[in-house]
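What follows is a set of structures for review.
Look at the two complexes coming up: subunit A is in both, with subunit B in one and subunit C in the other.
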Partner chain A sequence: MITLYDYELSGNCYKLRLLMSMLGIEWKTVPVDFYPGREHKSDWFLKLNPLGQLPVIDDDGFVLRDAQAILVYLASRYDPAGTWYPREDPKLLGEIGQWLAFADGITGTASAARLHDGLFYDFDVEAARAGAHRLFRILDEHLWFGEQEGRDWICAANHPTIADIACFPYIMLSEEGGIPRQDYPAIRRWCDRLKRIKGFIVMSGVFPAGPARAA
Partner chain B sequence: MLDTAKTRWHPIAASSDLPFRHVFHAQLLGREFAVWRADDGYVNAWENRCLHRGVRLSIGINDGRELKCQYHGWRYSNRTAGCTYIPAHPADAPARTITNRTYPAVERYGLVWSAEEPVDEVPAVSGLAEGDLLVLRGIPLNAPADLVADRLKDYRFQPSGRLDGAEADVTVEAAGAFSAALCSRDGDAATLAVFFVQPVDSGRSVIRGVLDSRLEGAERLAVLRHHNELLSKLRDTLERDAAQMPAPAPIEPVIERVSPELAEMPEATPHGRKAAIRVQVARKWAAADGIAGFELRPIKGLLPTFQPGAHIDVHMPNGLIRQYSIVNGPGESDSFGIGVKLERDSAGGSSCMHETVREGDVLAISEPRNNFPLRRDAVKTIFVAGGIGITPLIAMAQALKNQDLAFDLHYFAQNEAQLAFPERTGTLGMALKPHLGLSPEQTGAKLREILSGYRPDTHLYLCGPGPMLEAARTIAAELGWPETAVHFEYFKNTKVIDDSSSFEVALARSCMTLTVPAGRTILDVVREAGVDMPSSCEQGACGTCLATVIEGEPDHQDVYLNDAEKRSGTKIMTCVSRAKSARLVLDL
Partner chain C sequence: MTQPKCQDPVILNLWHPLAAVSETPAGVVAETVLLEERIGYAVDGAGIGAAWRSRRDLPAGSSIDVAAVADTLPAKIAYGYIWTSLGNPPDDLFPIPEYAEADRRRLNAATMGVNVSAPRAIENFLDMGHFPYVHTDILGAEPHTEVKEYDVEISVDRDEILATRCRFFQPMASTVSTGGADVDYVYRVPHPYCSVLYKSSPVDEARLDVIAIFLQPVDQEHVRAHMMLCVLDDENEDKVIKRFQQTIFGQDKPILENQFPKRLPLDPRAETPIRADKSAIAYRRWLSQKGVTYGVIPAAS
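And now, the complex of A and B:
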């Protein structure tokens, strides 16, 4: 059984819950009081992750940190169809790696702005917002041309990959950091598509989309 | 200085920004819009705030027929933006004043155009032909629209067939405050590019470009990328320049309260039923054996919002007035559909509709009224229709179907040829359960079977001939259905009305005391005294002229109220019911 060290309002923890839900696997959570308790900096947690960051998983004794790394692990181990992280396709793996790094960039900007606004972190919020807008412009353009080419997802595949899951949460939560998505229509449409994947779940601040087809 | 005229048309989106079941977030001159395409193709541009608690409707849910607010689940109809359902008040029909503000939305040149108070049509652009266009990726940028439009005149690009060249000669064919038409020529290749600059706010814009020829495949992509690259560079320079200038104050659009037309009470007229709307019979067809279907389209403007279970008064050429339920599904708001059964003993109503009214004729109808509202919070809903009683229940079943809620529609008729509106019931799948050719005894047995095993949070809706309704209500009561879970609508009141009593009515709010003599109704007497009362069927069946009783004992003669409501003595149908006490005090 997978144990997720979890904070309910964390987008990086949410992306793991999201993938596990879409994969249909079971897990249990250990809540970590990220705010205001700063439990991720407590002695017991630093033993799990010396970086003092969420999320962490423990899969029957195998402990792993870093949201993007955990996505790679979960998809490699628990996706029998092998579509979320296609191990046999070098180009696609390269693309996924590229966008996982991009997702880290989103965490460093959009998530930082949200921590500033919501949890009073002492960050340069204007720089964080400007950085997020720069990334969103790049992703919107990428997705817009994807639509023109008949591609619905971030990577060149006819199905979503963990790159989509990695980028999604802090984009959806960006408005909580004062970053509107109004200027990114292709990102907004991609968010709708992602919300319609079977097994999609929400978190606070992430709303469901309507049904794709008439019931 | 930015021209902020509200009369000018501007693009607010590309047509491709409105895919299936999406809500686009647009903005024009500071005002935000939620723009969504319904499944019937209609493009809605609404004020981007739910009038309930102000939450943006652009994060709402487009279910293809209605837009649902994420906050409290209020549902608004395609076209009218009128509220059709409030989850916190599941038993009530929302008031017609609950209507979000709508704006015009016209699709032209691959773009969606709007304006707050437009005059005339979307302007024609010379050189652009509908259907033979290439719409470029919209480029949002942080710079004022007038600056952007000015700089676009210096935009340099290659004609579509000659992207690898660098020698194109670009001329400005036309330029306006928010547009520029440029022609690029290189050898024998020439491309016209028309750019519209959407003023999002005082300091924000979107460049929307349209080329004069349609392209396919790789060439199309190459041209799109060519312009995207050049326009992105232009954006970067413009943003740098705009950042050096003093930032203009954002435009603050006025959020209007409910429109004056909706905020006012309808004009009081002392003479009874109103026929406020003119419609044309766009189609008349045989909806079933002995049942004529009518599709009624507005002569001008939009029809008002309706909810499942609502009916309209139809004023016929021969002066008669009859009530018919609207059969439309949710969001199907471009016309009203009704079904009229030819009655053997027609007093002139159904025979007039069948024999006299033809396609193309103009009829007067009332606004829709809903005295038979549908709850959408039941675990399961059971509909029981007898004959033409199917009409309100079809509308209800389609609404539940669209929301994927559980229901069964039991449809009793003599034979298959009498099953009306097959094109609508056919969409309901296994939920439609026809019961054909049953005798009254067999019908009773079938009803007993359908209604056995009452479970909490199940609701029953009945509509059909009087005897069948009486039987169904009796059986439901015997099988343990509470009266609050049994909803019904009679076609007509077949009871013989005893109007021999004479009594006094005191109108508490109007501060009047009137005498109702034998042979006259409360409704007549109240209206004669100048107090406006809505009414529709005027025989105690439809529920429109309901009044609240404050004091006194009503003498109920209607078929609208259920037995518990009648016993409580707090409501009265003023068109037929009277007083057992010498005096009634009404909340009028």
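And now, the complex of A and C:
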């Protein structure tokens, strides 16, 4: 059984819950008091992850840190259809890797702005917001051109991949960091499509798709 | 200091929360913002707190003898938080007698920054109508969406709003719930920016859990929300109890931050209430009667 070291309000933890739910696999949660307790910097947690970051999973003794790395592992191991991380398709794997790194950039900007506003982290919030807008603009254009070619997802495939899961949470939570999304219509449509994937679950701050037509 | 600071005497004379004592290292200066002013504060290990308008000789992070600080603001430790005032506050803060009961778990679930006015956040706290839609499968679930008739009074003696006989079906009312139940609620608003909620305890039908929200107005449209829990739970670790409350608050946050206008309009014609908003109507009227102007859009006189 997979154990997820988890903080409810963390978008990086949420992306793992989201993929596991979509894959239909079960997990158990060990809550970590990230805020206000800073338990991710406690001795016991640093033994698990010396970087002092969430999330971490323990899959029958196999301990792995880093949200994007864990997405790769979970999809490779637990997706029988092999679509979330298609190991046989080098170009697609390259694209996925590119957008997983992009997701880290979203964490470094949009998530940082949210931590500043909500949990009082001492970050340069204006720089974080500007950085997030730059990334959102790039993603919005990418998705818009994709739509013109009939592509619904971030990577060149007719199905979502872990790149979509990796980018989704901190985009959805961006308003909590003072980053509105009204200028990114293609991102908004993509978020709506993602919310209609079977097995989609919410976290605090993310609402389900409205009752519009199913994608 | 280009922004106008608070000119509202009602708000200036209130006690305002600054931080949870449990999260403030003893004997070390910390800083926060209250009513657009930078405030320094500190606590010692023995339950004494001090607060002052931020100044250069007491920078954040420096060590301090709390009892010896001069030129301070009024300060008080209550319900696990340090409180101060920029005016002349009353001697006492509103009472929460249950806080003294030894078998309760007393925690700060979290202090969170929210991009909303304090009165809008209080109103949301009083609202039961959103439970099934915003706190789905926790504090409410369809089809149990009706807010049944309840009573609201403005208590003249205690100068507070009291909503009683509130009842709502909740799938998971607390960390010790074992299933859905009709839960009784009592709401108090004993302070323009603070509210105290009492709800049935799943473990003792004779007693009530107490959950309070103490809002620290950073400015007219931003708060630090301090969430106090004083609950009956002998099963769960602190972090599990905190997580439950943070999950709920995290669901409210985007709703609060998308309220428009951010300040609460006090003109009865500004927003159309429904029957379920009885406590909100009383709250707006009470703020008007007090002459509160900070964080609200006063009714045209």
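Here is the rule we go by: the second predicted complex is superposed on the first by the 210 of 215 C-alpha atoms of A that agree within 3 Å, B and C clash if a C-alpha of one lies under 4 Å from a C-alpha of the other, contacts with A are read in each partner's own complex, and residues count from 1 in each chain.
The rule is short, and it goes like this: contacts are C-beta pairs under 8 Å (C-beta built on N, C-alpha and C of every residue); 3 or more make two chains touch, one makes a residue touch a chain.
Please read all numbers here as calculations on a predicted model, not as lab measurements.
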{"item": "First, second, both or neither for A:Trp144, with subunit B first and subunit C second", "value": "first"}
{"item": "Touching partner for A:Asp192 - first (subunit B), second (subunit C), both, neither", "value": "first"}
{"item": "Subunit B versus subunit C as contact partner of A:Asp124, first or second or both or neither", "value": "neither"}
{"item": "Subunit B and subunit C footprints on subunit A, overlapping residues", "value": "207"}
{"item": "List of subunit A residues in touch with subunit B within their complex", "value": "141, 144-145, 147-149, 181-183, 185, 188-189, 192, 207-212, 214-215"}
{"item": "Residue numbers on subunit C that touch subunit A, as the complex places them", "value": "20, 23, 108, 110-115, 224, 238-240, 242-243, 246-251, 253-254, 257-258"}
{"item": "Subunit C contact footprint on subunit A (complex, rising order)", "value": "7-9, 31-33, 35-37, 39, 117-120, 175-176, 178, 203-205, 207"}
{"item": "Subunit B to subunit A touching residues, read off their complex", "value": "13, 16-17, 19-22, 24-25, 27, 39, 59, 61-64, 68, 70, 137-138, 140, 220-221, 224-225, 228, 232, 401-404"}
